[in-house]
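You will see two complexes here that share subunit A, one where it goes with subunit B and one where it goes with subunit C.
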Partner chain A sequence: MNWQRVWRSLRAEFGRSPMAKLGVVLILAVFLMAIFAPFLATTNPKAQDLSRANEPPVGFTDTTEDTRLVDGERQTVTVTTRGTLEYPLGTNQLGQDMYSRLLYGARTSLLVGLLGTAIAALAGVSVGIVAGYYGGRVDDGLMRFADVMLAFPALVLAIALIGLLGPQPVDIPDPFVAAGLVSDMPETTVLPVTVTLVVALVNWVWFARVARGEALSVREKNYVKASRSLGASDWRLMLKHVLPNSLTPILVLATVQVAVIILLESALSFLGFSGTTLSWGFDISQGRDLLATSWWISTMPGLAIVVTVIGINLVGDWLRDALDPDIEGESGGGMG
Partner chain B sequence: MRLTRFLLRRTAQGILVVWGVITLVFLLRFITPGSTIDFVAPLDASPELRQRLAEDLGLNKPIYVQYADYIVNLLQLDMGNSLLKGRPASDVIFARLPATLELAIAATIVAILFSIPLGVISATRRHQPVDYGATGFSLIGISTPNFWLGIMLILIVGVNLGWLPTSRRIIGFGPALELLVFEGRTIGIQVWFEHILLPSITLGTYFTALITRLTRNGMLEELGQSYVEVTRAKGLPETLVKYKHVLRNTMIPIITVLGLQMGTLIGGAVITESVFNWPGLGTLIIDAINSRDWPLIQGSLIVIGVGFVVINIVVDALYMYFNPQVTFE
Partner chain C sequence: MSDDVILRVSDLSTRFFTTDGQINAVESLSLEIEEGEVFGIVGESGSGKSVTARSLIRLIESPGRITSGTIEYRDADLADDLREDHPGAVDGEFVDLLAIPEKIHRGLRGTSFSMIFQDPESSFNPSLTVGEQIAEAVEVQRRASSNPRSTRARTRSSEYSLRSYAAAAVLPSRGYVSSESKDRAIELLQQVGIPDPEQRVDEYPHEYSGGMLQRAMVAQALAGEPDVLVADEPTTALDVTIQAQVLDILRDLQEETGMTILLITHNLGVIARMCDRVGVMYAGEIVERGSLGDIFDRPTHPYTQGLLGSIPDLDAAGGRLQPIGGNVPSLLDAEMGDRCYFADRCPKAMEECLEKPAEYPAEGTDDHAAQCYLADHPYEASQALPEDYFEESEPP
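Right after this comes the complex of A and B.
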């Protein structure tokens, strides 16, 4: 694998493509939001203020009718609420700040997206390389198992497993709060462990297929045959020759998978299976019953998901155009 | 002949996969914390009653006996009784199946209807406004979570404009069609259509976007091939070149990807149903999981798995039709 060449073609494609630049900017923005959420947030995203519930975003007004006692009589009054800069994206029914929740939601999405992809890639690539390298019965067995996994729609399997196993949330301490740099912010970020493992479990198969394909083709290359005849061990061959050759398509696949997993996580949170309340999907579900009165509660976190996933997809397109791997399931390819 | 042999082989493979699905689904109950009996028995049940219940449900037998029983019953289409509804799980599941099938088919129709023309136009008018529009739409389409899209459609079309109903199904396609054919009344079809429109757009958008993208990229690649020049040089009309020869070759990768994405369609149906209170398998499975109704959970998962395997066989057969060189060896 020639890293210099990879780097050069990445740079050339980046210079050519305005969409690649847009993608990188979007992703950087989301990453900065997620990392520095405690500094950027204006209010603790979990703090409730019921007297300020359902306030519209700044620049919008919201008119509701309310029944009040005026001079001992029931009267219907029209109440107009104006959005303020204090809550730039409005508040939800608990009076929580949507803007601060948006920032912290980015943490959950990226944590699950990156960690889930990493686990899926690690498991999938290991299985794929072993299957492709050894071939024969090992290959048959592993790939039939992969077929069974693929027969379950990912979301359905994920719902079943999480619904049955429970969310198992784990608190990760926030380094900025622990260091005393900010106060009044949540001390921990919740990692929904079951969600992370399950999204990895339902997505490892794609990595296994790509890695297996690469391993199959590399195995037959003369230099690999030569080093084998010189007595190189299987492990050494897999690590030194098969793995590096599979890295480009795996990198492209991993990028796309981060987007897939973020969408999957948001769907699971939307259904209430994730075990954390600081998640874009969860916030969307919160606004669902208030669509007629408070449209912003569902709208804002959804826009955040769309922008993030567009950014990742643009970066994915950039990598694919620059590195041009042939990935099954993404651009077509053989039927295995 | 070739197709028959292929279908036979593929069916044999499919049966193996279904067996794997059944086994996994069966094992799911044993990796779940909490015993099944706790969910079935009343809180104040005496040990004797619990014992009797366990015997009734066959829960105290060794796991391999339960497994064998389960397979034997399944072969007779017996999935056990739903713990909540007291009716055979298969009845409950098959009553819900038409709603999900209708939704999936409607979404596929939406996707094919819009995406292929859009992709073709986009590719043949490269770097024109219509191409940028189509590319932008497909990028946004594949990046939008469908449950959020559904909620936005409810907000705009249902709540703000008040044009369409935003939940439930009211009438199935079958009864609606009967009403039209036997009584000549169109109201059934109309109500059916009004209710399925938003859910099918919600479920279909991702696929519309994906296929638009694939059609555009595939067409662009094919248009650069030398055979296109040859057919043009032969004097064939440009439309025929584009739509018959180029599009046909473009279909091959599209069908492959569609086959691989069928899981996304089924998963998407689950969540779309939940957004629109659509009474299909998706809402059923979520209810069943929340109430630990094992026969229902297992039955729905198996039906979904079997459906997925069948769809994939159909997709492979289509693939073979469009690409006669494929041998599947």
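Right after this comes the complex of A and C.
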């Protein structure tokens, strides 16, 4: 890619589009939250305080009925709990701070989202470029295999694979805690390896299809033929000529796939497959039973997912409009 | 026609197997090209010129295939190297390029022959600088010459590792493999007359004009110091003054290096300016061949006469141009039949033309020959085919 030109059109489109600005702000916020979670968190997200369970967010009050022994008699009393600044987004049924859990949940989501997308892109683009470049039987073989992968519902395939492999969580040490900058925070962030591989495995097909389509058209270009007539090998042609000129739609797809993979990770965590408890999806499932009384336990992580996914999609739209003027999205299509 | 033949093509047929049927783009073509000459192939669009050029470099892609014939290239060293492993491909000093494995053939591209394509704008990768792309060709040549035969890819593995490929694809600063190849790229750009080559070498193709790109492509093709340069319509996309410049550059370089040029064009002016010998191509065949003088002063085949008759002549005032009626026939196998393919457009078609004509020697130099019954027989009006003969016999 011609990076100067890419940079120029990105800047121009950024200046034009308020949505792009919003998306970048949202994504930046989520990234900063995830990276600096140990500094921003007010309490250890894993610390339980059962005496402070189910407290509402600050500014809300929660009224519950409780049976207590008053002067040796059972009495039903109405208890009103006010949200406090100590737990700004309330607590869950174990008395854990929702706000701190949200920050740490962002780490899991982004880790899985970015790493999963990277693996999916690497696998998919390799397969797609090879299939598109060679064509013929190689193409048929690889792409029919990809179609078969596509035929499985993603969630079912993911659950089956996790059942097969187990969650395989890997602890990544938190550099801030290790450096002694903060104390009283979790020493590690858990990367659910199986989930990461599984989301990549169910999503690589999209990269393969896009990369193949691009490779099919780029390999017909004269510069590929010219280079071949000068003695370039297939390997060189694929890496130097086909891949760089196929990159734009792959980049756009990758952004959107991060959002898709974050959603899939949340769904898997919600179902209890992830191997970590510090995850938005897991928190939503924790609050599901209490939705009628303590709505914030599910709602807060749900909002976090919505904001992140919207932010990523806005950034994806920005990249697409800037880099790939041929593909018109909702924002560019108009009413015609 | 003796020791100095460098390329000997015989009975070359290239076919395309499409859903509409088999297309005979090149049909039993034979020609000999001598070392150091400029051989021109001229013909209308769709006569199979470009396919011939690509066949010579084995760049025919599916659904096309070279179905028969040999392309023999004279290279004594190469012949010695291949004699043991590929005895079928070697004949004296000649090596049959169609009988050697793709891997060996790839090693010859760029260094033994290279090609200039007709559309300069699309022949450069828009995401790499022009210099990098010329340097790439230089690298390919250096790799080939560092160790001439099959082990050539291994010898400089550190420079050609996957890592450097990947880095070059992603990082702009890693565009050149070495500073020597960049210097050579600048030198080549200078040679083809690009002004300010030190600065131009780092510019992208979209910053070049069409004529400059065509010159840059000449530089790229010359990077490997090829013995044979195949130029496929090198000036078609350019305006006339630039055409002349590019042709002059080619001519000068040819005289300087003594390389052989196979020039493919539909432009008889280009042929007259550049070539020593000419082959006239029609419907996948060479219908007439000879020296430049043979073709221009003593055209024998009615098609050649027609081509020459359709050029405006500044000296002979008045008189209308004589276009050749009709179009190039479809090259679909099913519709071609077994007659002289030009008969349906030929003003002198006779009953004999319904059979495939042999190649007859014609008046002029020893090389002059034409694939036409009339080259050896007088025209007899009594045997002429009626004018509407082909209209009737052809299916609606």
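One rule holds for everything that comes next: the second predicted complex is superposed on the first by the 324 of 336 C-alpha atoms of A that agree within 3 Å, B and C clash if a C-alpha of one lies under 4 Å from a C-alpha of the other, contacts with A are read in each partner's own complex, and residues count from 1 in each chain.
Definition applied: a residue touches a chain if its C-beta (ideal position, glycine included) is under 8 Å from a C-beta of that chain, and two chains touch if they have at least 3 such contacts.
Computed from a prediction, not measured in an experiment: that's the story for all the values here.
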item: When subunit B and subunit C are modelled together on subunit A, clash or fit; value: fit
item: Subunit B versus subunit C as contact partner of A:Leu165, first or second or both or neither; value: first
item: Partner chain(s) touched by A:Ser233 [first = subunit B, second = subunit C, both, neither]; value: second
item: Which superposed partner A:Asn245 touches (first subunit B, second subunit C, both, neither); value: second
item: Which of subunit B and subunit C A:Val125 touches, first, second, both or neither; value: neither
item: First, second, both or neither for A:Gly135, with subunit B first and subunit C second; value: second
item: Partner chain in contact with A:Leu150 - subunit B first, subunit C second, else both or neither; value: first
item: Shortest span in Å between Cα atoms of subunit B and of subunit C, once chain A is used as the common reference; value: 10
item: Set of subunit A residues, in rising order, touched by both subunit B and subunit C; value: none
item: Residue numbers on subunit C that touch subunit A, as the complex places them; value: 57, 59, 62, 106-111, 114-115, 117, 119, 122-128, 133, 136-137, 140-141, 144, 153, 162, 165-166, 168-170, 172, 204, 217, 220-221, 223-224
item: Residues of subunit B defined as touching subunit A within the complex; value: 13, 16-18, 20-21, 24, 28, 31-33, 139-140, 142-145, 147-148, 151-152, 154-155, 159, 214, 217-218, 252-254, 256-257, 260, 262-268, 270-271, 274-275, 285-286, 289-290, 292, 297, 301, 304-305, 308-309, 316, 319, 326, 328
item: Subunit C-touching residues of subunit A, taken from the complex the two chains share; value: 1-3, 135-136, 221-223, 225-233, 235-236, 239-241, 243-245
item: Contacting residues of subunit A [partner subunit B, same complex]; value: 144-145, 147-148, 150-156, 159-161, 163-166, 259, 263, 266-267, 270-271, 281, 284, 287-288, 291-292, 295, 298-299, 302, 305-306, 309-310, 313-314, 328-333, 335
